[in-house]
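Same chain, two partners: subunit A is paired with subunit B first, then with subunit C.
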Partner chain A sequence: MQPRAAVKRPSIRVSDGQREAVSGLVLVLPALLVLCVLYIYPLCASIAGSFVSDEGIGLHNFAKAFTLYGTDILFTIGITIITLVLVFVVAVLTASFLRFRNWPFLNFVYRLPLFIPYLIAGHTMRVFLAPHGILNILISRVTGLSDLPGLAFSWIGLVITFVWKQFPLATLLILGAFQSVEDSYIEASLNLGGNKVRAVWEILLPICRPTVLVAMVLTFVSTIGCLTIPLLIGPSKPVMLPIDMAFRINYMGDWGVANALGVISYLIVIALSMYYLSYTVKKEDA
Partner chain B sequence: MRRVLKTALLVTLVSMMVFSSLAMAADITINLVTAGDQNMVDLFNMELGPLFAKENPGYRVRVVGTGPGDPGSQQIVEKLLAQKRANRESWDIDVAVIHEIGASLALQEELLSQYAESAATFKYVTSSTAKTALGVDVEGYVIPMFHSQTVLAYNPNYIEEPPKSFEELVEWVKENPGKFGYNGIKQGASGVSFVASWLYWKTGNYDIYAVTGPFDEKYMESWEQALAELREFDSYVTMTSGNAATLDMLSRGEIWIGPVWVDMFYSWVADGRMNPDFRLCLPAPGMCGQPMYYVIPAKAANPEAALKFIEFVTSPEIQAKYIVEKFNWYPGIDASYVQEYLPQETWNMVFRDVGPEELANYARVFPIKDYYQAMMEAYEHAMR
Partner chain C sequence: MQNVTKSKWWQTMILKTIAMVLIGFIVFGPLMGTLLWSFAEKWFWPAAFPQELGLKYWKIAFTGQSPVLDSMAISITIALIVVVLATLISVPAGYALARFNLPWKRILLVLFLMPQAFPQLPVFINMTSIFYRYDLVGTVPGVIAVHLVISLVYSVWITTAAFKSIPVTLEEAARNLGASRLRVFFRITLPLATPGLIASSIFVFITSFDEFTGTFFIGAPFIQTLPTLMYTASMGYNMQYASVIAILLTIPALLFMLVLEKFLKAEYISGLGV
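Moving on, here comes the complex of A and B:
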């Protein structure tokens, strides 16, 4: 019996390469399934759903989205870009400072917002920045001025909250990258008469560009898709797109326009990343 | 030794099976599904369910929540509809607690049992909401669990005489810009109520929009003008970002008056988040409120147990202690039956500013579904 079995075995034996491919596939399968079910399927469904409305298949939802929420689309883009720029500035400043000087207190404090959920961050800022909030009460006590305007429920309060909540993650990433750049590069530039600002701008940032890009993309995506913070502290008109989406679904059961607004947000994200990528590529060519 | 152990094990197993089957025979589980916020789930799960089980041994209540607002009610209707379409013999919901929209949808699909008149507590049910919901005749199919009402809450430090009507309110708002706050139609029905009430006031078509119908474009022609006037009014007001934000700004003194849900207002007072001196008023020609209903699905597995539970929770004692005293809603049954079970101070507090008579005159319901949707859409168009 045994020899016969030994003869048969080679015919069903798979090559090592194939076996590796199969076991590799089996290993990634759970992750792939989760990705398909929770991400790719909803994405396709939302894109497909954006073309379906009571009037049939077509661009009706997009037409409605642009007429009703055109201002909100522009507002969302504006807030997100302002937030992005400010997060970049604050994160790079903090990271540069910590790159050159070891200050454990700052190193600890800047990370705190990372551990605060969006909901709490929004509520904290709302209590802090409201017209009769803690900040204005303190200012009134010190200066004697009363009836100060509040920053909450305006775009300024919204941006302040976003920046406060988003800059720690960007700083964490950028600081890590900055610290992996060897001191010798910076020392060389300082020896040749450069200052620290130039060292950051012309040495650290270019070397760390991939990480900075990742930090900025993460900031951008989590800002444009955030519902909680605009809900808690943003103005009630205009509003960010997630609020409009929630409204169409919760109050009107209108998934079509909500999906159209979703697709518009995807397009905004794609457009801005394309712009950024082509810009950096151009810069590299030059 | 081994045999002894084996026998002991066998005896234990058999007796466990016997007892558990006995216990099962004695236990009837009432499956209750409720729309609404977490407070609704907690009310049934922690208070009413255990209390009912304690007074009626052999019953237990299992509670599932489907989430706040109309979508929560719609989920319940969809679940029942799916079981109906699958031709199930018995459905897995015995008692459902739903909004007006849920009741009207469920009735159109013939998902509800006509149980109300057989309930011992039906004699206490007097409100008009037990007769129609969003224009649909629901009489006999529902018993209201509670009524909630939107009113104007105001800060008496700045407003001595509250506006008695929408005309007076508009006048006051123009004299005091920025001190009236509401949330538009996003993130809270207190604002939706204000917008609907504005349309009722401006058009005078309340009955058509909310009670009788029919749905017809011609009744919406005046909306453009009414909403344009609302837009002008809005330039004198503070737009808040939701039900809670209106209360929040009111309590900090940033606005002096605004539409709120009565029950939310009193809960905030009870939690110490709202000045108890603040007052309420219900201006003519009225503002919207809504009930939630107890219903029994047409093919509930335990209809008798469900009825028993509903009779229990719509009894005047329970309505007084839980619905009014604990949650600050207006009772689902007639308030006059509830009064004797309430401490005088609670009665005085709940009906201090807006009494039963004003409620009878000025409590409105939300527009019927088609007008409701059209109103939202028209508002978004007018305010863009």
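Moving on, here comes the complex of A and C:
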């Protein structure tokens, strides 16, 4: 019996901190090894490979990438930002509504696209938004108009598909954060004469900033890196960067420029995350 | 007075119905198209509904000549192996991250998130060139390796959260009664973490079952999983056939969506907090 020892040690921690760290690392090691060999190594290879071309080591691949795919880079950034803004608006609206009002129907239904894989979302929208697709059939039935343009294979179809597929995850995360904010905060704001819109903008969103940030970064990254949706529903010109990368590899065998495009997409992700971080930090200071 | 409340009640009901139809159309509309196409034997513009409905393409998918059944078998086999491997390496890692005083714990957790939080395609293509050297391109182990690394974040994070949600006091009580640390883990901690392990397995299974981009590069052209098969059909405007496969790919995810409610406890989600 050693009851005193149990009181002394609030958790089952080995007294020797270093020994604990070592045994902990041993337990993490298999997972870490898998990650290093299968992820970190190819990630580093992609960065290193972007500097290697037939002309030697240097920025040739980047120069080539910018001259060949400058429009596509801008197009990718544009589509991603539009998607991000729309996902933010839809997710915050849905989450706010569900925070204030319990509507089981909406709470269940909005999650559906989350469980539809990207590939299926692309195919589904290809059928739905095609010139002779379901949406146009319905519109022409109701309005009597014919010869409607198809939204598929245009940037609008691309954005619709991205938003449809991605708002549920953002909503799920933001709603979870909203629900963890106590009612008393919101009531206080409402009692001071604010309305619900102000309660969301001035109370809920600032408190839940870290979660909103995570939701937005996840949306941003999965939009900019997605190959399937642009392949299935995007316009043929300009295209998103992943299509250019796949093209460089599959048809040209040009790893250098493909890697340069990859590094450019890393840089876009890092830049936008940093901007978003500094923007939200500044807002908190103000 | 009563009339006023009654008319207001009607107004909200009408508004609610309109909202339901609209939301339903936004969410289900696109999927309805795919569902209809899978049963459409003839569907010409501008008919609002297929001229002929039938099971023709479902029959084609499930008879001997079509590759659907083979692809499904490969997809399920790969997904199950990935689940086993991911669980085997995530349980010790998750336990250590939840219970041990590890240095750089946060950095480790973020590292596992990286494959999902950073553009994947450049990594996949470099993986392909590395795998060429070891003859892993176009093989099942190669595809398993890709699926494993991108689903690792779910298994590591959810198992970590699951272990965290178990009160340490339970383990201490068993330890004080003289049980060894290993015994405590297998008799107390692991059984209590089972719902979390199931949730993690579900996430890993779905991630692997529906994975396309990595498989497209590493598996091509010999490993034809259900997603790559669907892609080929959809790109070839074989709409009925592609829609049948699309539905086959969606069913497990939808089933799991219902099951997951049960296993993914709120504590886990809060435990995922970054």
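Assorted remarks:
We adopt the following convention: the second predicted complex is superposed on the first by the 271 of 286 C-alpha atoms of A that agree within 3 Å, B and C clash if a C-alpha of one lies under 4 Å from a C-alpha of the other, contacts with A are read in each partner's own complex, and residues count from 1 in each chain.
Note that in this section a residue touches a chain if its C-beta (ideal position, glycine included) is under 8 Å from a C-beta of that chain, and two chains touch if they have at least 3 such contacts.
Just so it is clear, the structure is predicted and the values come from calculations on it, not from any experiment.
Between subunit B and subunit C, more residues of subunit A are touched by C.
When both complexes are overlaid on chain A, the residue A:Leu232 reaches subunit B and subunit C alike.
Using the contact criterion defined above for the overlaid structures, shared-chain residue A:Thr71 touches subunit B, although it does not reach subunit C. Of the two partner chains placed by superposition, subunit B and subunit C are both touched by A:Gly133. In the superposed model, A:Phe153 lies in contact with subunit B only, and not with subunit C.
Shared-chain residue A:Val34: touches subunit C; no touch with subunit B.
Touch criterion met: A:Met252 reaches subunit B, while subunit C stays clear of it.
Legend: residue contacts after superposition of the two complexes on their common chain; A:Pro113 is shown touching subunit C, with no touch to subunit B.
Using the contact criterion defined above for the overlaid structures, shared-chain residue A:Leu25 touches subunit C, although it does not reach subunit B. In the superposition on chain A, contact of A:Phe88 is made with neither subunit B nor subunit C. Residues common to the contacts of subunit A with subunit B and with subunit C across the two structures: 126, 132-133, 231-232, 249.
Subunit A meets subunit B in the complex at residues 67-71, 126, 130-133, 150, 153, 231-237, 239, 243, 247, 249-253. Those residues of subunit C lying in contact with subunit A across their complex are 20, 23-24, 26-34, 36-37, 45-48, 88-90, 92-93, 95-97, 99-103, 108, 111-112, 114-130, 145-146, 148-149, 152, 156, 168, 171-172, 175-176, 181, 184, 206, 210, 212-213, 216-217, 227, 230-231, 234-235, 239, 242-243, 246, 249-250, 253-254, 256-257, 269-270, 273-274. Subunit A makes touch with subunit C in their complex at residues 2-3, 6, 11-13, 17, 20-21, 23-25, 27-28, 30-32, 34-35, 38-43, 45-46, 49, 105-106, 109-128, 132-135, 137-138, 140-141, 146, 164, 176, 180, 210-211, 214, 217-218, 221, 224-225, 227-228, 231-232, 242, 245-246, 249, 255, 258-259, 261-263, 265-266, 269.
Of all the residues in subunit B, the ones that touch subunit A in their complex are 69-71, 74, 183-187, 192, 239-242, 245, 248-249, 252-254, 373, 376-377, 380-381, 383-384.
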